[in-house]
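Below are structures written as structure tokens.
What follows is subunit A paired twice: with subunit B in the first complex and subunit C in the second.
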Partner chain A sequence: MNKRRSVSAALAATALMAPVLFGQDGRQIIAESQRRTRSKSQRYEGALQVMDAKRHVSAKRWNFIRLGSFGDSKSLLRFTEPPEVRGVALLIYNHPDRASDQWMWRPEIGRDQRIALQDRSTRFFGTDFSFEDLEERDVNQFDYKVLGDEAVDGAKCWKIDSTPKQSKSSQYTHSLLWIRQDNYVLARLEGYGRNGLARRVLYRDLQNVQGVWTARTIEVFDARKNSRTILTLDKLEYNVPLSESDFTLQALRRGS
Partner chain B sequence: MRGLFAAALALTSALAQTFSGRGFMESDSTFYPQTAVNDSSHAVSEMHLRYEASWQPRSWIKLAGALDARTDTHRQTERAWRMDFDDRSALRPPLSARRFSLVLARGGLTLEAGRQFIRWGKTDILNPTDRFAPKDFVNVVSTDFLGVNAARLTYERGGDTIDLVWQPWFTPSRTPLLNQRWTAAPADAAAISIRDNGARYPGRSQFGVRWNHIARGYEYSLCYFDGFNHLPLFAAERGQPALTVAVQRYYPQLRLVGGDGAFPTRWVTIKGEAAYFATTRQQSDEYLLYVVQFERQQGEWSWVGGYAGETITKAAGKPLQFSPEQGLARAILGRASYRIGPSQDAAIEGAVRQNGDGLWLRFEFSQAWGRHWRATLQWVLIRGDASDFIGQYRRNSYAQVRIRYSF
Partner chain C sequence: MILLRLITWPYVRKHLTRTALTLTGILLGVAVFVGMHTANQSVLFAFQRTIDRIAGATQLQVTAGETGFDESTLERVQAVPGVRAAAPVIQAVANIGIRGEGNLLILGVDMLGDRSLRDYDLEEDDEGAVDDPLVFLARADSLIITRPFALRNHLTVNSTLVLDTVDGPKRFTVRGIMRSGGLASAFGGNLAVMDIYAAQRMFGRGRKFDRIDLAVNEGERIDAVQVRIERTLGPGFQVRTPGSRGREIESIAAVYRLSANITSLFALFIGMFIIYNTFAIAVTQRRAEIGILRALGATQSQIRRLFLTESAVAGAIGSVAGAAAGILLARALAKYIGGLLSEVYGIGERAEEVSANPNLIGLAVTAGVVTSIAAAFLPARNAARIDPVKALQKGKYESLSEGENRARRSAAVISALSAFACLGLGGRGVLLYTGYLLTLIAALLLTPAAGLWLSRLIRPVLRRVRPVEGALAADSLIQTPRRTSGTIAALMLSVSLVIALGGMARASYASIVQWMNIALNPDLFVSATQNLTARSYRFPPEVGERIQNVPGVAQVQLVRDARVLYRGRPVMLVAADIAGLVSRARLPAIEGDTDRMYREAAAGKGVIVSDNLAALENLHAGDILELAAPAGMLRLPIAGVVIDYSDQQGSILIERTLFRRYWNDDTVDLFRVYLEPRASESAVRQEILNRVGSTTRLFVLTNREVRDYILRLTDQWFSLTYVQIAVAVLVAVLGIVNTLTVSITDRRRELGVLKAVGALRRQIRGAVWIESLTIGFLGLMLGLALGAFQLFYALEISRRDIAGIRLEYQYPLKIALALAPVMLGAALVAALGPAETAVRGSLVEALEYE
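So, the complex of A and B:
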């Protein structure tokens, strides 16, 4: 009996440790990481601090809601600070098979404007996030290769090289991702362009929010501009009651 | 007493949760190197306060309001303090209710009634289908939209949106003041005095319907409008004493069918908008006005360039009119802006008529300080022939300093 129990335990442990013992499949790790952060909806208040190369700091705040997740979702982001951009909003429809549709609402012109980003390296409203950085990654649009183990902030991580497939247009020729081995949370991301490191993103202050391990602080470093942006997620909630009608052009207009 | 206090506290708390506001205080100083035939001034200063607020006690109901307060050194704003609700005056009102509306929403249905802003169209440099959007043209090249008193019912389902608008009370565009430089008087008319005889406003309401469809990767819309042009024609008659001309504004009946579309491609986003303007009045043209524009964002750069065209199908001679829309047609228009840093922006935009008779260029640099302050420097260059809509303002090139405190 004891022997059978020991074998069962060993098998279970082997199944759990399979990626570690038998050479990790990068795609599986990323897919598992995304599965664990999947939620029906999300809401938070974002506080941004943008520091340019001369260390001048500007602050911004936004309210963010999302319905759906990973490649098939709708998001609405509305600025609340500083006063001159209060009410400016962005509605994003993410599609699994094509580029997202995006509309911007600017109160001073009172009209939604369709925006299309031919170059998704464009910085998002003067922050160090590019529009591409804010998109959700579709796991199928990249090839992955596990490079080994490496610690980030003391936590053991898988270091994975991610290369966009030919069909995927990206500002990054490849990215390095560090995924924590204890909870599959993305701890660090480095995006590389033709001239080397373009952006480094650090995910900090991990908290388990309603069963989802989430980085409450995200720091982006733009290597070309030597500037950084820190995004803090306040009042974060998952699976909040949101409906499709909260993500329409009318909702974009009504909220102004 | 304790109960009353608790109720007041609860009400205050509820209001705080559902009330939002924003505004700015702005000072503009404009410097004109040249005088005009009817305007000897070289500098104009303006002060402008705007406050917008909304209160949303429930998710389905919202009250929105906005107030403007203005004054200036050049008598563009009335001096007698009064609250204005329809923006029909020749001078800018010192206090005006820019917006005051009730918004009700249920599922895909939204009703907004009251003073509001209704914008149609997709292009950015000229909007032929934007018929419920009169503007303040006291400075022809630096305009601001005026609200309209209307009811707007919108139904959105999936990728389709139907927009029904009924405007019972007409709001015209505010035209340049007759005794100031943006009414370009010919040099040989310096001795003639022009008297404003007011306006004749339409006696009936306006109506419009628009259908917008978001398809897979692109979108388009079709619209119909039955009402009046918010840009006036002028009836002129010889007045008393001699060398006086009395001018009265009136607004021709207008029926319009139009459409617009936005088509993102790998390299550029193509946006187009066209409208056919028909009228029963003999005095105004019937014509097709269209815009094709190309947009691209690249790094910190944003580019917009395009062409505005016009085809007149029925000419009405040469009516005395103020029509910036037609005045900007048959022109190449463009704008390039660059984000220098988190708090600095620069832009250049311009229009050049295809026959070369008119050129307008605007350079802008703006810098923000902290959370509230922004300074904007502008230089506007206008060149051209006196017979051209843009060229007639060739003595109105200017430099401007704008300081804004947002709150």
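So, the complex of A and C:
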């Protein structure tokens, strides 16, 4: 048993050291990071706090479900609070080879609306996320370059520059990603537009939930508006029983 | 300059009243010209400014006439290479029911994509709220209003505002306030922004957008993207820059603009005769002065220059004052014209500011000065030709020589023959207007001779009625045709203008009433808007079924009308169930067989076009009409042509099923409701309001109300013209006052002699009155005669060149009869002052010369 545990530790160490030992490139690091978060499905209740430049705080809550994993997943996000916006929802179909499809549902209007590609840079329902930030980043749609090592919250990270390929339309001209070297978890992300830093996202409160290292607090800072949004993931579960029918336009409309 | 100071200035000071009258003539002409155009331009400028301000960073706009298009078009546009951002828009005018606020322009936009095209420039505290679709988009009652509107109506964020929706009045919540300026100043600040899907529901637009605004990628050529979009969407769509949409509105109002141009030019033309008259009189009065100048060595050209400079200065002063008065007039007119355009064409705008166009002012002042110089040219030439020896002889110089008369008559005959030739050569466009101008010239050339002839003709009558006064007045006119012919000409033009426009109005009324008797025979009309020409709100077709179920209703006809482009002309497309329509209202075909026309149109195998469109576009029964629709090109033969006054630009009637197929639109603008034989109109109306109106915004109008509304529109259309006529008559009356004042001054010696030999005051007063009445009578008679020709040309210009509308020639006898007391009364009033001057003149002063 001891021998087996020491082997595991050694393997883990080997795995952690692998990029260094084998000169792992940015793409491999990102791919590995995504692989490690892979799960059949996910569900959580998100609590949002949005602080504008004047430090006015507004609170919102949503329920989030996802089926599938990076690059080929479907997710549905539905607001539950405040009461007057309950039911507003967003359905996302992520595709491995192209931009995601997104539809918004507004129960009071009774209409689902497709979110145009050109509108993906718009703020997502008044949070500091944009619609594009909610897409999953397909590893093949970017070029990567490891810039070196840098610590985030005391954890050693790879600092990777990621540039969208020509085929990929993005509001960001390039992004910087910090991937923790100990568990391949994304610790920080900075998106840059033509005028410099657009958004900074910090991933905190790392917890291993059902074998998946997950940041339970995500803080987004909008550099242009000087506002920030803190998203806390409550009741997080992976591999919950969900079906394709939970992610259709009918389901989007039904849920209100 | 020395001559001007030494000769002109003392003369002006001595004849201040006359100078003022002369200046008033040109002032009124220029004022009407500037006023009409400035008001007109201000309204059109306001349209353009609203378009520009709403356009923001929009480089191209996609429309499909007024009909709108399916939502799916948006994705097709967004997918076109080179398009950076494309956002849908619904733009409509809503009634807000706040006293003094008029209408509110609602801009329905998709807040997600729209902000890359438009800067809403929100007040700081609202930025977060509006930027948060959870607050703005999730609630269908969200509105952003402008700071000026908020201030005027004491509204703040979270205030509520009741707006009319297709489902009845609804309460909306102010979620943001735009700072003043930019977008917020469009439509005079009466602008509100709401979510486009909420706007679709509010106005009953189904799943349609009115327009797509778009911007192209940096470095892309706008025209290249424009071509790509046109290719992608097909011919049923128009892809244009925002600026060119303003021109479309201008073209819709082209008929109005042209008629305003013609009448305001007429005012200037009449002013020209006042000037001519004044200078002709001035030359005769200053003959002695001119003779002395010539004897002292002044050359002919110096004398000519003196009078022309005088006229230029008078023209400049009158024109500048006229331009200023015109701007004041425009302020009063702009609101009225805005209302008129909104009522007649259904395009609402608020012309808050009246901005004077420097080019227009320059043109008006130049026109005033040139008119003045042109009017003074003949008198100046005559002055220059004065023989110094004959200059001191009195009498005779105001008469016309037989040679002069003959030359004028010959020129008049040539002009008249040329005018006929122009008509004979087709009489369209330039030829038609040339013929018109030549007719006027012929009439003007004949005026002195005709005046003289008529004066001689009525002399015995006058003498019989008032032996002394009548003979004196008639002799005065016979001996001085040069003094009076200008005034008679001005009066003639005014009267003929009244006859022409009055005749047009009468013909329009008669034709419209005849058309209404056949086409507008339903008992009730159910409309989504009180103003039948506005098409902001639309009904879903189900409303028709609900109306049909109301007891007492026998038949409901669904009508959808929308302005679409045909060969670049905005025409009215009317979609209806033709079989149902023809069972109740059957306009006879003026081209094609009536039965066959309706049969083919009802089967969707043909279209029916209005007579005016056929005339303007040279269309005939059997021709293939090609109409570009969002779903493709509609190609159908013209089954027939009917006389229809639905729209000034022309109308096309198609089967409703075709409209649904090609425009994918089943909404309804108007329900034509026929009642059961014994049903009570008021009871059914009330029942419709109770059953349907409780959940749907609607207006139930009786047949009488719709007829009155249409006739009111016609009245409104002509009312501005009536104002211009009044000004023209006023200018002509000023001419009479001017002439009589001169006549009295000129005849001081003669009147003095009369008084000396025992003439009574009442006889002298009577002579002046009769002279004035005679001038009025001559102007009236000649004007009534010229009016007959003017009316012919007005109808032909309207028919062949402006609106294509066929109006029956009917001489307006009632108007002619009504004009007689008006003109003669005006002549009498104009004579009061000069008559008293004549009576009270000092006998000693009058005979001083002797």
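Operating definition for what follows: the second predicted complex is superposed on the first by the 233 of 256 C-alpha atoms of A that agree within 3 Å, B and C clash if a C-alpha of one lies under 4 Å from a C-alpha of the other, contacts with A are read in each partner's own complex, and residues count from 1 in each chain.
Just so we're on the same page, a contact is a pair of C-beta atoms (placed from the backbone, for glycine too) under 8 Å apart; a residue touches a chain by one contact, two chains touch by 3 or more.
Just so we're clear, the structure is a prediction, and the values are computed from it rather than from any experiment.
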| item | value |
| --- | --- |
| Simultaneous placement of subunit C and subunit B on subunit A, clash or fit | clash |
| Which of subunit B and subunit C A:250 touches, first, second, both or neither | first |
| Which of subunit B and subunit C A:164 touches, first, second, both or neither | neither |
| Touched partner set for A:88, first subunit B, second subunit C, both or neither | second |
| Subunit B versus subunit C as contact partner of A:106, first or second or both or neither | second |
| Contacts of A:118 with subunit B and subunit C, given as first, second, both or neither | both |
| Which superposed partner A:193 touches (first subunit B, second subunit C, both, neither) | neither |
| Subunit B versus subunit C as contact partner of A:59, first or second or both or neither | first |
| Partner touching more residues of subunit A, whether subunit B or subunit C | B |
| Region of subunit B that runs into subunit C when the structures are aligned on their shared chain, from 79-87, 151-159 or 349-357 | 349-357 |
| Contacts on subunit A seen with subunit B and repeated with subunit C across the two complexes | 52, 56, 58, 82, 84, 107, 109, 111, 113-119, 122-123, 126 |
| Sites on subunit A touched by subunit B in the complex | 50, 52, 56, 58-59, 81-84, 86-87, 98-99, 101, 107, 109-111, 113-119, 121-123, 126-127, 169, 227, 245, 248-250, 253-254, 256 |
| Parts of subunit C lying in touch with subunit A, wherever the complex brings them together | 74-75, 78, 83-86, 110, 112-113, 115-116, 128, 131-135, 137-140, 195, 197-198, 201 |
| Subunit A partner contacts - residues on subunit B that touch it in the complex | 20, 22-24, 52, 54, 62, 103, 105, 107-108, 110, 117, 119, 121-122, 124, 145, 154, 156, 161, 212, 214, 216-217, 219, 262, 264-269, 271, 295-300, 339, 341-343, 368, 371-372, 374, 404, 406-407 |
| Sites on subunit A touched by subunit C in the complex | 52, 56, 58, 60, 79, 82, 84-85, 88, 104, 106-109, 111, 113-119, 122-123, 125-126 |
